[in-house]
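Some structures are shown below for you to check.
You will see two complexes here that share subunit A, one where it goes with subunit B and one where it goes with subunit C.
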Partner chain A sequence: MPGDVKVVERPRAESSYVRAAAKGMSITMRHLLSPNKKTQQYPDEKWELAPRTRGTHRMAVHEDGRAKCVACGLCPTVCPVNCIKLVPAEDENGERYAAIYEIDEFRCIFCGYCQEVCPVEAIHLGVHYENAEYSRERWVYDLERLVEQEHPVTALWDPQDPASQ
Partner chain B sequence: MSPVTGGAFALATVGKVVLFFSVLMLAVMFATIFERKVCGFMQDRSGPNRVGPWGLLQVIADGLKNLLKEETMPEQAIRPFFLLAPVLAILPATILFAVIPFASPLPTQWGLVEMIVADVPIGFLYVLAIGSIGVYGVAMGGWASGSKYSLLGGLRGSAQMVSYEVALALSLVPLILLTGDVRAPEIVSMQQTFTAGPATYATWFVFPLLVGLFFFFVSGLAETNRLPFDMPEAEAELITGYHTEYSAMKFSMFMIGEFAHVITVAALVTVFFLGGWDIPFWQGDNIRVLSDGTVIGEPTWWKTLLTLGAFGVKTSLLVLVFVWIRWTLPRFRYDQLMDLGWKFMLEAVTVYILVIAFVILGIEAVGIPAGGWYAFVLFLVNLALAGVLFFAMDRGTLIRGGAKGAKSAGGEAAGQGG
Partner chain C sequence: MAENGAKATVTLTIDGVEVTVPSGTRVIEAAEHVGVVVPRYCYHPGIPSRPAQCRMCLVEVEGRPKLEPSCTLQAADDMVVNTASDTARTARQSVIEFLLVNHPLDCPICDAAGQCMLQDYAYVTNQLESRVDEPKRIMGRDRISDDILYFADRCVICTRCVRFMRDVAEDDSLIVAQRGDKAYIDTFPGRELDNPFQGNIVDVCPVGALVHEDFVFKARSWDMDATASVCPGCPTGCNVTIDTKENQIVRVKPRHNAAVNSWWMCDYGRNHLVMTNRGVRAEVPLIRDGGGDGDRGDLRPVDWATALDWVAEKIAALGSPGGSAVVSPDASNENLFYVRRLLDRLAVADATFQVEQGETAELPTVPTLKLRADRAANVAGAGIFGGRRVDALRNGAAADGSAGGGSAGRALVVLDDLLEGAPDDFGASAGFFLYVGTRLPGAARNADAVLPIATFAEMDGTFTNFEGRVQRFHQALRPPGLARPGWMVLSRVLARLGDGEAVNDVRTAFERMAAEAPPFAGLTWDGIGLKGAPAAEANR
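Up next is the complex of A and B:
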């Protein structure tokens, strides 16, 4: 033994290979026979998502189907990753609306600031995550597509615990 | 009814070869899915279950994938040997099956067909000889790839296989002492009960040779490169060892070879220690063909099927044990592996041969004839030996750090506390 290496003698029960191996074998056999499998058959059965899950965006609409957005410009301002593109316009009644409203879901970090900052509760994050696409362009959601989304919107706070305690 | 001869014999042999090879390949296919299923269950997963019922067709999907993938040929590889290595990996494991009797003889109108591809007189010596060829596949694959990881893996693999070959061969010596014959069908008959003909032991050799089974099984694990002895494939250290550079079907052939080897070792343990195709607690299936062609017992076709089933069940259970061990025990460190092989297994097996030889001498001196009581006395001796063995192994001296082991190297084999 080189130098002053301290050799700690462990008790037999701890250092025995045979006992440890036997114990391991019994554990694996127990798991083999146990009917309680943890695998979730994903595409068939899905997670129940929490109400505050932040996922794909969704635009709220008026009863007549127009987007609620008033193109105030707060969400592109607050967005930390600049993933929202907004070009405002005004209609004949002098009401502002978004001529172009695009969210790049690839860039988005799903922080939820846009939903928090929106004065008219138009843009929301949603409880939804399966948005794979075949091309990158498809990841930029335009206004029409944001309006089309049907999943539930993210709750900003837990209704059972509004003060987050 | 006498055994078949002439043209019928040749035809029967060709039939058996074709049938048996396809059955073995099918068994290998399902061994892979079996392993994945069992491993999944042991980890509380469900294993592959998407392709076909219970994922049973997954093997076909995997096979197709492997056939369609690109075959890479490394620039620095030595071409002829690189191509030869997978063949050498798969060949010994499959032709080993030729000497394994897998069911009771089948009566046909041309005579009795023994359910063994080649009943060679050298029996399991053939097994040991062909078994050692397996090391060429590993060593050659590692060397011909021209990659340092492959080379290291191949070196480790060949060193390990050569080391454990010794213990593997020696652990069968007590079997020869007991049977006095190396033909596999004869070894199966020796484990059955007969009212006529030469004396047999009337019990599976797992009882009179319990410790021998342990040595054979451990060496078999090392021979097949399965955990806890899967040094050649230690991913963390060697990428994947000797088949790092292989891809597609050539890689697949190494895997097929490994699984075929597992099934072969399981079948060998069945034949040597678990009564082969013998069905326990039933004497009706005891059929023996003596070397002069006399047949003892009444062979029928349904007995052949039943015994084939018994052989399959025993072999599958042993494959399950292989898989069970693989998904439980972690890999040994390389020096521990070599220590276990050379400093423990070799000595212990040698001592075991001596003890069994002396006990057999003693039994014959006392005058107990070969039979149940003979086996019982040996069983008691083996129980005592197993007790000593496990007491020694439990002292924590067998598998431990190199420095400590080196200091008390002499004491290890004798099982003294370190």
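Up next is the complex of A and C:
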């Protein structure tokens, strides 16, 4: 052991932790009793999101449960990160529908252009943030999964004032 | 057209620009000379009749009380035409508004969206909807022939389709049924639309009312890439535009060329071209260099450098053995040229080709446009490069000596022929059997080497049509696997044999061909352009 260790003798009042602990506890007690609490009990209590929050997508459906998408191809065209895959086809009534519609939510930047461009108000961003998956593949939402989503949809504009005037 | 016939030209002013045109020219055509495209629906340059019924091309002429339809108005001296005056623009806007009374705004699902003249003019005139509150007429859709759908709601009754059939195809099976807002296009009662040129009515339709069934909901116009090409269906060589999406041909449209196909093409060519790139393809070079169980070893896949080195080595070792060849009348001039050089090196004089035959069809009013019996694009080119036309392949097989049995040590070269009807032992006795092709037919199993090449849609090149017109086509698709253009492959084989340089671009290949093959003397890749140019008369 090196011989030059300097041992400082401090008074007991200074070196005791009791005083510091009491000070810390007093802050805790003060906040415990304060009406101005900030802590959120997350899984039980959830954050209230703004109506324009942009989260993972949701597909609107007709009354009979069919997706409203008419496979016009505008969302894959406008998408700045090419995260939408669409293959149009003709159904038995001769109507256009999306045979394949997939959104890669991992690649998506949640810009909202797809919702804005949709002529039939089918694809929407969602007011939703709880996304967790065990595999990357699960982040590619197909049409069925987009239809199943239940969260509220994003309001990109005020319905009373759609042109923002 | 000029009544007095005294003056050959007239000079008029259109939108402040003076222009001199041949007398008899209509104002709508004269306007194009000064770069003004007057909006039009019923007028089509390829259809002779001018009913002036759509009222879209109305222009103001100074000194005349009313607007005049420019598609029927003859240009006259000192005429002052204003295509963009307030009156003309208001009139055009009104026409759009009237059309939008019933035209559905279903652009998101309409196949013409993006290439629709109603959409374009609605934006140009800023008339995006009609003020009429009444519900739109709904008529639904109909099948007008076995492969063409008619969406009656979208129809603007320009009658281009009816007049194409009547005036150009001289087949009056299409009519306008009913009148006013109930009018729609239909076949004449008791008749069917069954004409070899009926596909053109889809091309002339200015909106999305007529759609080819194979194209319905296939691709949005902005997703497609258009490539100038030539139809390979028959030796006429109609100029076409190939629309591709994600490396697939989705649609073929005729491209205007007054010397060949005017504005039209036949349905056979249309369907043939869409199907041309399907099927199992040769994708990787194969050589038989002694490995494997068979007497001569098995064909095994190798990379290009190995394959080319090995083929060149074999050819160098053979010297000038003579032999025979089968070429394809569908191969481009450049491919045929390089094969010819290779054959000359091998001292193979005889190259045969067979041409599939089919029905013929004529468009009565366009004499140059004809679906010819030969079902191959480059019959003339195959002839220029020393090909001998035969009726059936067994003649070719006999020529290779397999029948005579004395072919050992001789060469057999096949350029992209499917060898239909060839015997199982085709080429088995040849000293060296080189198969250069886009596909891999069973008869190629005896080959010593298979070099995969690109189809015409996957490369640049030229075809020589039935009258010796050399026409360029361009690459629309990526070739599959390791397949490369034939001229690129063969020039490399020759370069390894000390004959010329490896060619990397079609311009060089074409210019080398033009320098050495007299029929192409004087032609340049840029010079023939997108409309083609006649080859020298000497070739025929």
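Here, the second predicted complex is superposed on the first by the 120 of 165 C-alpha atoms of A that agree within 3 Å, B and C clash if a C-alpha of one lies under 4 Å from a C-alpha of the other, contacts with A are read in each partner's own complex, and residues count from 1 in each chain.
Just so it is clear, contacts are C-beta pairs under 8 Å (C-beta built on N, C-alpha and C of every residue); 3 or more make two chains touch, one makes a residue touch a chain.
Everything numeric here is computed off the predicted structure, so don't read it as measured data.
Chemist: Of the partners subunit B and subunit C, which touch A:V7 in the superposed model: first, second, both, neither?
Modeler: Only subunit B is touched by A:V7; subunit C is not.
Chemist: Is A:K37 touching the first partner subunit B, the second partner subunit C, both, or neither of them?
Modeler: After superposition on chain A, A:K37 lies in contact with subunit B alone.
Chemist: Under the stated touch criterion, which partner chain does A:C72 make contact with: subunit B (first), subunit C (second), both, or neither?
Modeler: Second partner only.
Chemist: After the superposition on A, what does A:P152 contact: first (subunit B), second (subunit C), both or neither?
Modeler: Touch partners of A:P152: none, neither subunit B nor subunit C.
Chemist: Residues of subunit A touched: more by subunit B or subunit C?
Modeler: Looking at subunit B versus subunit C, the one contacting more residues of subunit A is B.
Chemist: In the complex formed with subunit A, which residues of subunit C make contact?
Modeler: 107-109, 113, 141, 216-218, 220, 222-223
Chemist: Can you check the complex and tell me which residues of subunit B touch subunit A?
Modeler: Listed in rising order, the residues of subunit B that touch subunit A are 38, 40-46, 49, 324-325, 327-329, 390, 393-396, 398-400, 403-404, 407.
Chemist: Quick one: which bits of subunit A touch subunit C in the complex? Just the residue numbers, please.
Modeler: Interface residues on subunit A, with respect to subunit C: 70-74, 77, 88-90, 94-96, 119-120.
Chemist: What residues on subunit A touch subunit B, complex-wise?
Modeler: Per the stated touch rule, the residues are 1, 7, 10, 12, 15-19, 21, 24-25, 27-29, 31-32, 34, 36-39, 41.
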